[in-house]
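You will see two complexes here that share chain A, one where it goes with chain B and one where it goes with chain C.
Right after this comes the complex of A and B.
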């Protein structure tokens, strides 16, 4: 089982990284979206590996089944062609900025990995859905409810943006 | 090296599922054409074999023998990815359907969630097909498929959630075990509204008439699969019929007592119920005219969604009162 887990970790990591690469480098927006979707699927696989199938299925149901589809819809409405201004080579400042962002995150992560001893090498145990629900509704109740406030804010923001535009016309 | 028994079981189940999907497609194509014929007072396919029974097999051979074509300016990768993406999740969906306590390919604790999650991949395939084929009809079909399936997924999930509330589990086998053998012990008696919402939503989700706007022949030629020939079209076709079987099987598990039935429990009851539901789906297709797109969205957002929410709240309330 150890070997199987390692092999699947490598496969999922390759799917995630490959999808990310496609998403970043591809010229066509739809292909980039397909890269993003494969990254999301790879992350779902990682959740499976961590023995949290509930998270994995939710990842697929929400991110792949709903969010990606909505993003696709937005892309379809824009009909951005491949020769748009985004297709021009990026200015050097932008590349340096993204390099700094990657280096910052990667640096912190590798510093933590290199200096702190690895904590959890044990085989993860699956948590039952009942316990998960109890945890969310009892111990982490406030955090759980605050997440829905974020969604509410996002939704009212979207409504507000659409509203202003209509008034201006 | 020892091969784990679970792996063998899943591989055997996968092979069986593939055969089952193919068989179902043949059977359903025949049923569809025969029912359509008789509903319209004509015999339907009649020439090949007795009562045209070999017709779907010949159709399948014809599809396989045709040339695979791709339109100019199409995105090759996305164009060929789409039919494959529509077919692969279907195999996974069939794996965890409990045909009987023994005939379950893969016993998953969260089987219901797995089916709902992977069924959503189908719409992605339709989108890629519509976009990748560089065709206006295809793109319009894909755009309709998105707004339709995003809308109809919500009441579907809410209806299913009412059953999950009531039974307290997402395991399909346990949901069946919570119901009895006689029809008045099935969930449909307690949750008739949820069943109605579920059944209406699956017509929208599987793009079946009267909600078949993504492939409306008279408006969009064939919508998202206009440009597909040969087995490219064949895969979409098989995936569509397989998806119909999956959603009807889930309806059987959730509302109609699964493999349980009067006198003798077993897989025969499961198949009988699933095929009755499939018959109703086909019957509806040849009875009702296609709705307009604004009507389709109005039915969902103004009727199904509020009803599903009310049903869910009512279920929760009654469970609190009587628990």
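Right after this comes the complex of A and C.
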């Protein structure tokens, strides 16, 4: 059973790595989007391994279902793929700068992770969905309400931004 | 290597990929994709830390859920901004969307 968990962890990690590399290096934005979706599915698998099936479900519902469609609309509405804005490879100076940024952040964080390891539990805690619902309705009620306000504001703001031009015409 | 460390390393990998894409991409849509990668890493890190330590598991899962909600709101707004910018400038290249230089 433990071996199965390790094997699936490695498989999900490889999916995340491969999808992420496609997402950030692909010259076609539609391919980058497909890479992003496979990364999101890999992270959903990680959530399953962490014994949080509810989070895995939400990951697929919110990210793969909603955010991926929004990104695809962004590609479609700007015809970002047609002109090939990412078609020519990035200038070498920019790539070197990006690698330096990654090395700085990743170096510091992985140094902290590897030198000061936290001995966590072997087996993840299991929480029933009822407790999550109770938490949303009792302890973290304000955060729950605030996130709905934020979503409402973002949605109406987006509609307003996209509408303005049409009224002017 | 404890399981917690492995999950944190995967989250760090997502963060690094996101930073790389964010600094290297030359269009807004590519940068939006990179931001989503980074936010995913944050969510995975939060859930792993709460599930594999003594910290409150409910708090961790709900926190990651709120991160997902913020990511959805952010993606919506960025979509609107991209649409407005591409109407006004006719392109979404980051190098051409600038008026201060002129």
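A few points about this structure:
Here is the rule we use: the second predicted complex is superposed on the first by the 142 of 169 C-alpha atoms of A that agree within 3 Å, B and C clash if a C-alpha of one lies under 4 Å from a C-alpha of the other, contacts with A are read in each partner's own complex, and residues count from 1 in each chain.
Basically, a residue touches a chain if its C-beta (ideal position, glycine included) is under 8 Å from a C-beta of that chain, and two chains touch if they have at least 3 such contacts.
Being a predicted model, the structure only gives us computed values, none of them experimental.
On the superposed chain A, the positions of chain B and chain C stay apart, so the two partners fit side by side. Within the superposed three-chain model, A:64 lies in touch with chain B and out of touch with chain C [touch as defined at top]. Shared-chain residue A:154: touches chain C; no touch with chain B. By the touch criterion defined above, A:127 lies against chain C but remains apart from chain B after alignment on the C-alpha atoms of chain A. Touched residues of chain A were counted for both chain B and chain C, and C has more of them.
Contact with chain B, but none with chain C, is seen for A:53 once the two complexes are overlaid on the shared chain.
In the overlay built on the shared chain, the residue A:31 is in contact with chain B alone; chain C does not reach it. By the touch criterion defined above, A:73 reaches both chain B and chain C.
Put simply, chain B and chain C get as close as 14 Å, counting only Cα atoms, in the superposed view.
Comparing which residues of chain A touch chain B with which touch chain C, the overlap comprises 54, 58, 66, 70, 73. Taken in their complex, chain A has these residues touching chain B: 28, 30-31, 34, 37, 53-54, 57-58, 60-61, 64-66, 68-70, 72-73, 76, 129. Contact residues of chain A toward chain C in the complex are 9, 13, 16-17, 20-21, 23-25, 29, 32-33, 36, 39-40, 43, 46-47, 50-52, 54-55, 58-59, 62-63, 66-67, 70-71, 73-75, 77-78, 80, 83, 85-86, 90, 94-95, 97-99, 101-102, 105-106, 109-110, 113-114, 117-122, 124-125, 127, 131-132, 135-136, 139-140, 143, 147, 150-151, 153-155, 157-159, 161-162, 164-165. Against chain A, the residues of chain B that register as touching in their complex are 75, 77-78, 81, 108-110, 113-114, 116-118, 120-121, 123-124, 127-128, 131-132, 139, 142-143, 146-147, 149-150, 153, 170.
For chain C in complex with chain A, the residues that touch the partner chain are 2-10, 12-21, 23-30, 32-34, 36-37, 40, 43-44, 47-48, 50-54, 57-59, 61-62, 64-66, 68-84, 86-87, 91-93.
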